[in-house]
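Take a look at the structure below.
Order of writing sets the chain letters: A, B and C. Residues in each chain are counted from 1.
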Amino acid sequence: MAHPVDPETAVGQEAFELDPAHLRIVEALLFAAAQPVDERSLAAALPPQTNVGAVLTELQRQYEPRGVNLVRVAGKWQFRTAKDLGFLLSKQAVEERKLSRAAIETLAIIAYHQPVTRAEIEDIRGVMVSKGTVDALMEVGWVRIRGRRRTPGRPVTYGTTEAFLVHFGLENIADLPGVEELKGAGFLDAVPPAGFSVPSPSDALGPDEDPYEGDEADLLAPPEESPAADG
Amino acid sequence: MMDPEFESAESFEAAPIAPEEALIIEVDGFEGPLDLLLALARNQKVDIAKISVLQLADQYLAFMESARRKRLELAADYLVMAAWLTYFKSRLVLPQAAPVGEPGAEEMAALLRWRLARLQAMRDAAARIMARDRMGRDVFPRGEPEPVQVIRTRKYSDTMYDLLTAYSRERVRVLGHRVYEMVRPPILLIEEARERIERMLGKIPSWSLLTRFLPPDWTSGAKRRSAIASMFSAALELTRDGKLELRQMAPFGEIFLKDRTEKAGEQTT
Amino acid sequence: MAHPVDPETAVGQEAFELDPAHLRIVEALLFAAAQPVDERSLAAALPPQTNVGAVLTELQRQYEPRGVNLVRVAGKWQFRTAKDLGFLLSKQAVEERKLSRAAIETLAIIAYHQPVTRAEIEDIRGVMVSKGTVDALMEVGWVRIRGRRRTPGRPVTYGTTEAFLVHFGLENIADLPGVEELKGAGFLDAVPPAGFSVPSPSDALGPDEDPYEGDEADLLAPPEESPAADG
């Protein structure tokens, strides 16, 4: 037969003489703090004469059987994941990064102007684009080689990937806003410079574009499943 | 002068404020004609659903007149609203003259009340959202998070905002080098006039004066003449395309235009 | 021992078997992660067949009187400091970018009317959307491009983000304050009562407009090749 959770282990069910309001305050302060907090700082948030040590001892006791414990480190207090649950934590924190300015600009040009060759990206940006920038975008998984332009030298054309759409929350590459929409949303001044136009990007193979056959066999993976626009 | 039925209905409400009193309102403080109307409506101190639209129209038109005297540049939106309110008043005066299929004064008043009430409702909703307990202000997350395995962490924090900003900035920077300033003669291009009228399509009340739609800053001197000529040419083009109707009662008389797109819109898919 | 919980009796009843070990795991995960976590991610850390919903409900109940509460935001779960203790934590408050009145109003319109086009926002506000409105909301991360409307011109539609729900403590869009009254009053309908001509600064929503219905299959070309990037 099912039995209810033991009230003894449940946080907040205990009978204690301490003012529950004080426990709540210390609990919230420790939870929101970005580093361990000393008792003096905690005392400052409580009425004078409050026994901070007793509040902390009681909190520590209440959290002792739980998934999170209140621990004392270097004379200060902090909540930590219970030691035996360390397996839930990953060893390394992943630091979020941003693309360099050159990289995000190149990515934006590829997104809007695809299919586009490196020479064309340079022409639009007016500066040399290092191969490293495009390679790095391919490594992130947002840019792919789409095909080859049917022009002398048959340069490869670049486009964006499904991962690009997912990351930037687009259902479709054609959903990128056009000039009027960039203006309307405030990204462009009401009067953009002469000659400003925005192409309508498309996944479809361009008229002068051949599908990319790949230089190496391992680049050819089986076709992807239908794209799921799942955030 | 006024239709007796309407007069009695309107006189139920607060006595009209003298136009001068309404003029203490400065145009700078307003975000468009609807915002101005809502402020005027609130002055009536009654439920928006019961507001006197005639009184509102008078106050608005008086405001426009004073702005004109002060040579304030008002955006086209204000002129369109003025034209609509003028038309509303004409409907009020001559209710029997409403052409078939066109809204009568009562319908027009109801619509304006509805729009004002909707704007007010959205403002109230905005205030309620902003007053919620907000993360980072009223409630706080764990201050010292620990990395967790089950949660997918993104490696890159670039957003759509970053992408669009980069694209706009980059393209403008490159094209900016190729731009030169050009001193414009006081001529309103027909394309501009056409674009202007097209922007108003769907909102032009029945038979409105062409001159009401002149761009602000084009209402006097050589600029006015150019603007009238271009607006007329553009109106002719749009009439040819079946989007407008034009009417002139007498040689050299005023030119009126009327929107035909609304009906077309209802029929197409 | 553990038999599957009857979903009929599970709802609202606490008399089923909850393993304290499961409570500890979910507690540790939610505590450690600063951002909201979805039930699927939590389930991944628990034995198969665990009733995650019941674990969460019990945790929520236990924490309800405390200084830290378990809340549901954006369809996910998160520990947050109790609402009434915000005043103590002003030191932790993040300096927030001040949004203009126009931006705040636009945010509300986007939230209640989504997916909504710029023309519709302009129709409701009676004024053109200016620079520093939609772009500022996108910069804060509360507004996103949702897709395009299936009408001539295919205008871009806007909606709110998960960050918006998290910031304002909303479970989902239907949880917006007063949404039912606004709907009842007809203020959330795309078009005003039929037969009216509306003065408005830009293209008003016409009777020929369809609501946005997700992506358009005809625009999604099948992928010609596998994305070469990210092996």
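As a convention for this text, contacts are C-beta pairs under 8 Å (C-beta built on N, C-alpha and C of every residue); 3 or more make two chains touch, one makes a residue touch a chain.
Predicted model, so just to flag it, every value in this text is computed and none were measured.
A.B. asks: Report the chain closest to the protein's overall CA mean, measuring from each chain's own CA mean.
C.D. replies: Checking distances from each chain centre to the full centroid gives C.
A.B. asks: Based on mean C-alpha positions, I'd like to know which chain lies farthest from chain C.
C.D. replies: The chain lying farthest from chain C is B.
A.B. asks: Between chain A and chain B, tell me the centre distance in angstrom, where each centre is the average of that chain's C-alpha atoms.
C.D. replies: 40
A.B. asks: CA centre of chain A versus CA centre of chain C: separation in Å?
C.D. replies: Each chain's C-alpha centroid was found; their separation is 17 Å.
A.B. asks: In angstrom, rounded to a whole number, how far apart do the mean CA points of chain B and chain C lie?
C.D. replies: Computed value for the inter-centroid distance: 31 Å.
A.B. asks: Which residues belonging to chain C are in contact with no fewer than two other chains?
C.D. replies: 29, 31-32, 45, 79, 81-82, 89, 92, 135, 138, 144-145, in rising order.
A.B. asks: Could you check chain B for residues that touch two or more other chains and list them?
C.D. replies: 140-143, 146-150, 159-160, 164-165
A.B. asks: Across the complex, what residues on chain C touch chain A?
C.D. replies: 14-18, 20, 23-29, 31-32, 45, 58, 62-68, 79, 81-82, 85, 88-89, 92, 118, 129-136, 138, 144-145, 147-148, 155-156, 161-162, 214-216, 219-231
A.B. asks: In the complex, go through chain B and note every residue touching chain A.
C.D. replies: Going through chain B, the ones touching chain A are 140-144, 146-150, 153-160, 162-172, 174-179.
A.B. asks: Quick one: which bits of chain A touch chain B in the complex? Just the residue numbers, please.
C.D. replies: Listed in rising order, the residues of chain A that touch chain B are 28, 31-35, 78-81, 88-94, 96-99, 101, 104-105, 107-109, 111-112, 124-126, 140, 167-170, 177, 182, 185, 187-189, 192-196, 198.
A.B. asks: Which bits of chain A are touching chain C when the two form their complex?
C.D. replies: The contact residues of chain A facing chain C are 2-6, 9-13, 20, 23-29, 31-34, 45, 65-68, 79, 81-82, 85, 88-89, 137-147, 161-163, 169-172, 174-175, 177, 181, 184-187, 189-190, 202-205, 211-212, 214, 218-224, 227, 229, 231.
A.B. asks: Touching residues of chain B toward chain C in the complex: what are they?
C.D. replies: 31-35, 37, 75-77, 80-81, 83-84, 102-103, 107-108, 110-111, 114-115, 117-119, 121-126, 128-130, 132-143, 145-152, 159-161, 164-165, 199, 201-203, 205, 259, 262, 265-266, 268-269
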